[in-house]
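Sharing a structure here in structure tokens format.
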């Protein structure tokens, strides 16, 4: 068996597509954002990546049907004259080991380079260790020009965050992407790190859709954010006050995404 | 050395065989069931799988003879006009790492596909974290038609179980099996998760034998179940009452099989 | 780099050589025995095995010279008419992971099969968890004939020991050896498991040398055993009596060799 | 993707170059020394090694630009008649696993052998577990002649240090280097093991530059050492006296480099 196995669902020809990556990670921000975008844009399944670097696991649907865990590539053709074709990568897991991270990322990039992608946006969460009322979007990029371009959409390039760099798929897609001649940007929504965070995902998507000239309705994501707020409030109310200790150290939370 | 090494014991031609998998796992239900079936049907050894993904271990028999740990494939030719040829996979261990799980499962499926298998039943235990008097058989399948077919034999397809999906060989044989064009069903016998459970294995085998139109005498398995009952009772009696704490969390038990 | 890299020191032609394996393990019994035999028989270095499955480590001699950790094969030509050529495998470590154990063992066996070896003796310790005054030698073998042959030299084939089988090189050399058509015996000297145990190594070597018709002077090994006795006694004397708790559970000690 | 991927920045022809290795480790002595030498000699980037044996991580600069973690080879042509061409290897990490250590080291050595290197100096720290006022430089080498040569520069070849040998890149470059026909020396600066230690790096570099006939200005390194002294003093002053326990056991500190 190949270490990473690609199952093609459709054959398409894309014109200069942009790759958008959002896999599970801190606050599930990247995955929430990529999945939401895929749904709202009506992106179509293009290829499935199975791999021994993912857990040996199947999910079972409510109907009792199994599905092997995977990473999944969808596409969406451009709408209108200024539009760009898109590739969206989502999935159940990131690679389970350092080697797995490299192997999976390299394979996805290889496939996307073959489809003509020269540009990549990676979506992630950035854990602050405390509740974030209005999540900012932090950035990192492969060139100074892209840094400047992203600042125009309100992205924050902070001298201190992320201090130790980015660990995981969102950084690796940029780092390995350069070996494929791809330029790119990582957008990290601030989040507490304790809950899945649709509000942070929305902040990230607002930047991304502006940058790509897309229009997306965020009401479903906002509804989900309010639901999480309610759950968080309920847990907070049920906790004895004395138990409120200091936040866990930021180092454990901030940099995986 | 090949990562997985196949030693053929015999060369056979099978007609549309069904693969039945039962490896060690929760309550050892799958292994108990597969081993019992192999014995009662008089299945013959066909191939042995050695692998570096299994522990570096030999067993020593009472006579002092060593045997390297392995997975083992047996076969049994159909009896009667409506019967089907069978392949039964048992073994000492599942693969020791995620990669090992994938590699071993892929290799066994590859061999079985070469023998003509297009259908697979995987047998496993499902830990409930408490004693189960009358174990139900939970199911998961690769198609809606198979879900319906199994319901007729009393298999329960629950909205909530198994919640997080299946981790291990029994799920992977179905998930990877589809990449080989195989359809299949996973049968999970409820069990406490604390003991090896011949009664749960019997429940699983009753469904399987009905589905396959086989007749098997379960008296030896029932005798074994009664023996385990006696051991469990003795342990229970010897425990001080105060020590009876709450059951361990189900998440640690339910999904590996 | 090859996963296992063989450096030949000499080219020899051997006649039906017997492979003797003794790597570090419980009580270091196997390594002590193999190293002692190599020295006393004046065996000559034949090949060195370097591998990424060994630690990334060099030893530094008292003179300041480095040496990369390895497994090492020596040979010794037969002396006299009834004698047999010998291959002796020692080394600094066993493979560091299950995969490493398989890969290293397979490679050594491959080399030895190429040199004509069809027979293998593996030497190991068997931890009893308590002080053993007169260590017995426990056995395991690949055939009933060898079991019987070894019983004649006092080797004990116990119904209960080793219960869970053998984990590590000494078992694997027999298990994988069979795939190379080799027959063999594992000789396990009883030991406490707390100290390196030259006395147990001597017990093992006494059986082995009898079986092979060799004469070896054990006085140096006995001197070393007495030295260890003195160290053990001193530690024992310095311990407060109350601290003498029960022996650790045997399962943790008995089966790695 | 190759396990280790080499990106060439320039093509050069070198004459009998000497390889100098300094990767992160104890007290960061090796990396500090190699980086300082590279800067002061104006060495030029030659090749970058990316690898799945390094963490899946990118660093983000203050300007927001990402850089994938790597090992990096620089070169510097000889100056003057007696000078030698140099290759300097630095990097963000050593390989993350034993296998990774072997694979990365082997690949770098392979590249350097291709460039004509037959000689290697590895730079490292040696943790003493206590503050070292005047760090000595300990040594290990591949030949007695090199041991003698290094003694002339004040390098200490101690009977007891390093006791258990060297674990990590600095040892492995010598050990594997010999398989490439390279001779070499490891220079280990004594250090506490608790801080990054520019003073120890300076001690190492003083030996190295003498041995290579180079002249390097150490004032920047000394300034850095004084800065670390101030930080250490401040931490020491702020600690309650009672908290000064015994030093941690040396075994945990001394041998990785």
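Quick notes
Residue numbering begins at 1 within each chain, and the chains themselves are lettered A, B, C and D in the order written.
Definition applied: contacts are C-beta pairs under 8 Å (C-beta built on N, C-alpha and C of every residue); 3 or more make two chains touch, one makes a residue touch a chain.
Values in this document were obtained by computation on a predicted structure and should not be read as measured data.
The copies chain C and chain D differ by a rotation of 90 degrees on their C-alpha atoms, rounded to the nearest 5.
At the interface between chain A and chain B, under half of the residue numbers involved are used by both copies, so each side presents largely different positions. Annotation: 37 Å between the Cα-based centres of chain B and chain C. None of the residues of chain D touches two or more other chains.
Within the complex formed with chain B, the residues of chain C that make contact are 95, 98-99, 101-103, 105-107, 139-144, 147, 157, 159, 162, 164-169, 171-172, 174-176, 178-179, 186.
Interface residues of chain B, counted against chain C in their complex, comprise 1, 5, 7, 50-60, 62-69, 96.
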